[in-house]
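The two complexes that follow have chain A in common; it is paired with chain B in the first and with chain C in the second.
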Partner chain A sequence: MVDPHLHQTVVALERRRRLYSALTIVVVALILVSGYAQAESMNSGGFIQGLRKFFDYPQDIVAAAWDRGGEFFVIVWEFIPALIDTLNIAATATLLGGALAVVLAFLSTRNLDVWPPLIPVVRRSMDIMRTFPELILALFLIFVLGASSVPAMIAVAVHTVGALGKLFSEVNENVSRQPIEGLEAAGANWMQRMRFAVLPQVLPNYTSYFLLRFEINVRASAILGFVGAGGLGAELRRSIGWGSGHETAALLLLLFVSIMIIDQTSAYLRRALAGDGALPWQRLKGAAA
Partner chain B sequence: MSATTFEAAELLARHAHTVRHVRRGWMITVGGLLAVLVYLTYAWTAFDISGLIANAEPERAVLLGTDAVAHKVHITKGLRRQGDFEVAIEGERTATYGQQPDRPYPAWVRADPEGRHVDIDLGGGYRATIDGDVTTLTVPDYGTIRVWIEGGEVLADLPEGPVPDWIRHARHPTSDLLIKFDARPTIGRRVQVTRSKIEVHRYFLGWENFFFPFRSPLHGMSPAALAALVTVEPRLDPALPNWQLILKTFWDNPEWQHGVIAVALFETILMAVLGTFTAALVGLPLAFLAARTFNKIGPIRFFLRRLFDFLRGIDMLIWSLIFIRAFGLGPLTGALAIAFTDTGTLGKLFSEALENIDRKQEEGVQSTGANFFQRTRFGVIPQILPVFVSQGLYYLESNTRSATVIGALGAGGIGLVLVETMRTSRDWENTLYIIILTVMVVMTMDALSSWLRRRLIQGASGAP
Partner chain C sequence: MRVEALRKEFGSTVAVQDISFTVDSPQMIGIIGRSGAGKSTLLRMINHLTPATSGRVMVDGRDILTLKGRARRDWQRDCAMIFQQFNLVPRLDVLTNVMLGRLNRHSTAASLLKMFGADDIARALHALERLGIVDQALKRAEDLSGGQQQRVAIARALTQEPRMVLADEPIASLDPMSAQVVMDALRQIHERDGLTVICNLHTLDTARTYCDRVIGMRAGEMVFDGPAEALTPEMAREIYGAEQAFDESLTSTSLPGAVPAPEATAPQPAPALQAVRVGT
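Take a look at the complex of A and B:
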């Protein structure tokens, strides 16, 4: 009933596949074990002592905050401008980067009637913008423009162009050609075809990625601020440098709470976008598209 | 049924609802764009862009650009002590000319060892001389500038006409004495005179002493000479074979610090790899427990969901700060910070993917009498594997970039080395070198991860 030759081949294939799986697991395990051993030997503090000290720092700053009593919330309130600065960095970077990403994504998608030689050029430049480390760009701009929030904003925006551009162009690849052809038959030019045939198809996905990117950018702005460019990060650096635990606690609390709020809001909005249009503004958006 | 004549007005009147709908959509679009515009205007003032443009120093970018691809030779004469004279690359004590018989002054510098009379050919017709404490600088198409020290002041005698903008003659902020003269007629030629020293710089294109330090016997050897040294020549250092000597000299180069930078790069990669692998391997089992389809106990799911949110919410910045305090500087710190944050991210992603899998495959395996582990292994894992691999690899690439930033916060690795060289801003060529290597590493990781992703995902879907 069973072709013995075929059976043999299948068994051999299966055996080889198992061998590969086993090899992969062994290699990963080796990397992890030797990596951690190596990392521990290169670290200035050891793992075991570190584990014991793990809660020391959180404890210290919480204790420092506790000592202040109700005044702590005044301190939190005083850092709101820094939070707004960080949010501004993230929002501006996401808006500007996102806008450029939309343009580049349209220019780098094969099925949207773009001049073909342009596509690899745009793709490459987006790759470079995406992979170029933000840290380096931020440090360079701080050197030229002076320490402010703008270097961090530009650095985050450049990365956003690359990252969103890639995702947007993947969305574009999947659009249906039929509306484009329909409009073309009616005599629409390229801009009109993109506006009325493509944009309505891609806008929900764009919005979803855009929200996700804003959330990521808030984190990135805070972290870049620490390296020397404004916002919560810069305040955090100062408070840690001066060893004022209550301020550090206040800043960390602000950062944590705002990230949580943005995270949850953006997750809710994204779910709603992917959902059945239950939200009132979604019905309006459907009309806009 | 179908209109034979196209009456726009009638058509629009018949579909008033649609018209309203479209108009409302149009208004929302315009309103949204206006809101963005208003916000950006606010951001312009909040960031104080106008002030920033006024204070920006684009010439610093030019300077940085020049300094990053060029090196300079300093000719320094100290005026406090007799015979304090030095010709050195980048003013480094380890790279001085005229100290060893085989390293005389360059041909364009004519001077006695005491530096009493110095004649410097700056190329292109530019010439500088030092006689005692009198410096002259001859600039083509301008004339000769004479600078001397008198009564505790640095005085200068310029040719007739307006003072060009490349000359700066600075006074002491309080005593109002002229204390510094600085002339830089071109980017590659500079003369500075203060009350205590005279310094002339001449720039040359290229990275100096990149392979071997100035004092090393290997300095300036051609590749052919090095090859001969490795193969046939006798040992330069009796303790080491020549090839090891060459590698060791290169590795320990004090100016370029190839060894230090390579170790720092390795640390950064280690952070990213360990952090991502740990996060993926810890995140997967937790994701099973957090997925509605695999865990019927609500409170545990709820707890794990909040744990993922908490790990993500704390954010890599805060985790790094906590771990730096606990574990000190090094790759372990960075790896753990990445692992903690991304266990939350990947756990959440995996659990969402697990809730969306197709249950039919699992049911099919179950109908053959498979137990729980067999069902999972053959009914679930094959479906989740592409997500697992592709997200894991994506995060590996992204974490390589994160690892450079965490390093700059103080965890070590290439980020810290970069921040330190930039802060001292002594030698921009070193900074550029580190930047190039970092960008190369990040881009290689990106290429590697997308290549692996393509290979593995295609292999998985193409397999019978």
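Take a look at the complex of A and C:
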């Protein structure tokens, strides 16, 4: 038989818990309703009307593209340089940012015999680089350096250092110490130990994160065009602003297709890296050995 | 080499208690004792992987424990170390692993670009051939069996061109057959190259079979130092702190009837040597 006192206590606690849950739901509902009413009174169109118009614009631009017929693909072709511009920004930023991230990741990992006081310093500086959204950084740099691809590239690269550096550092934390010790006992210096005992262990994961970051950076670079960094984003802003529906459709198609291709390719490469010997040339090498 | 009152404390526990011994001429020395007796710590201090609390290790009139930076790494090169878990780089191929023994002799810049010269490649292949695994040269280290990996580790030690070899439980993770091959290889390094080999061992019979001199350790203290023949069952009981019922054959991993033949480890022919294409 359960102690009746304990039983009562539990029942009382349970009741209080339910009361609090109910109160929470009521408060959240009130906040939502009042917030919606507030927004409704402040915005120029209403939310419900806006929702109904949501599909009007896509319809318009698809219709505009349809009217052009075969000429539409010529327009798509003419935007290829803009696409290359955007891809360039993303690729350069990913390469530069990734390279610096590797260095900082090694300097911010505890189990790699780094001078201990250095670790928090490097970590905090990576945190700071990660905190600024690319857009804010790009706006600032474009103000300073003028509207071109370079400030956008720097903005994306800085964010990449912060983001990749943290991920790389987490990979580093999981390496086996045995090869490091083996090389230390053979008289190898720190750089040599990192290069030969750590890098081979972490490289597959690095590559995977690197490809993922490239995908993200392609999107980021396209967006940065809106604030004056050139590439697809700039064209997109122009065509939307001028109400040039067929051009908008062409740009969106280009962006969509290229991101899809990059996504699929990098997903394939990452899968292959996760499972050793899954790439065609690795299979060949395996067969030859 | 003269070890003088070498001591290591981890917090309040004393892992190695004022050990002293001298190695005048090249010898094959076996250090035996229970797990936790301080055998590994002793070897790691000699290689300078672990700093000692006090004591000296005198080589050529200088205390190697005071060495720093470049001089310390040069000593580590001269005093090659072999580990129980092999400590190879699993994802690199065997040949590169062996060439990593040359790192100390290269500038940082050149080695970071993985620029090993033809000389390094020749040395590495020669070492692998000597250990009978040159046909595995282009496989990844992690794809080899334990015994083969330990031989790769020995080959790496050889390319360091060391003055002595320390082996920390080199056969504790191996099956009896591989253990014999590895011990034969170490013995051969001692006999052919005239190097001092100091080897931590788990089992008495291995020490008796392969070593000229045996050092027994118990709870961080040296309780025996003498020729292998002087190691009586009574002495063994003392080292292992065992009861009267202690039976040596229980710890034995040797193969019945396997006659240790240190000089008989003729390197296997290396058919693939000419065909091996060295990756750039």
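Everything below uses one rule, namely that the second predicted complex is superposed on the first by the 235 of 289 C-alpha atoms of A that agree within 3 Å, B and C clash if a C-alpha of one lies under 4 Å from a C-alpha of the other, contacts with A are read in each partner's own complex, and residues count from 1 in each chain.
Please note the rule applied: a contact is a pair of C-beta atoms (placed from the backbone, for glycine too) under 8 Å apart; a residue touches a chain by one contact, two chains touch by 3 or more.
Computed from a prediction, not measured in an experiment: that's the story for all the values here.
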Q: Name the contact category of A:T92: first (chain B only), second (chain C only), both, or neither.
A: first
Q | chain A residues touched - chain C or chain B, whichever exceeds | A | B
Q: Kindly classify A:D263 by the partners it touches after superposition: chain B alone (first), chain C alone (second), both, or neither?
A: first
Q: Would you check which partner chain A:I240 touches, where first means chain B only, second means chain C only, and both and neither mean what they say?
A: first
Q.
Let me test your reading of the model: by the given contact rule, A:I25 touches which partner, first (chain B), second (chain C), both or neither?
A. neither
Q. Should A:A12 be classified as contacting the first partner (chain B), the second (chain C), both, or neither?
A. neither
Q: Tell me which partner A:R195 touches in the superposition: chain B (first), chain C (second), both or neither.
A: second
(Q) Need the overlap of the two footprints on chain A, from chain B and from chain C, as residue ranges. (A) 289
Q) chain A touches which residues of chain B in the complex? A) 21-22, 24-26, 28-29, 36, 39-40, 43, 46-49, 52, 55-58, 60-61, 64, 267, 270-271, 273-274, 277-278, 281, 309, 312-318, 321-323, 325-333, 335, 397, 401, 404-405, 408-409, 415, 418-419, 422, 425, 435, 438-439, 442-443, 446, 463-464
Q) Once bound in the complex, which stretches of chain C touch chain A? A) 47, 49, 73-78, 80-81, 83, 85-92, 96, 100-101, 103-104, 108, 111-112, 114, 138-139, 153, 156-157, 160
Q | For the chain A and chain B complex, residues of the former touching the latter | A | 13, 17, 28, 31-32, 35-36, 38-40, 42-47, 50-51, 53-54, 56-58, 84-85, 88, 91-92, 95-96, 127, 130-136, 139-140, 143-146, 148-150, 153, 219, 222-224, 226-227, 233, 236, 240, 252, 255-256, 259-260, 263-264, 284-285, 287-289
Q) What does chain A use to touch chain C in their complex? A) 176, 178-179, 181-189, 191-192, 195-197, 200-201, 203, 289
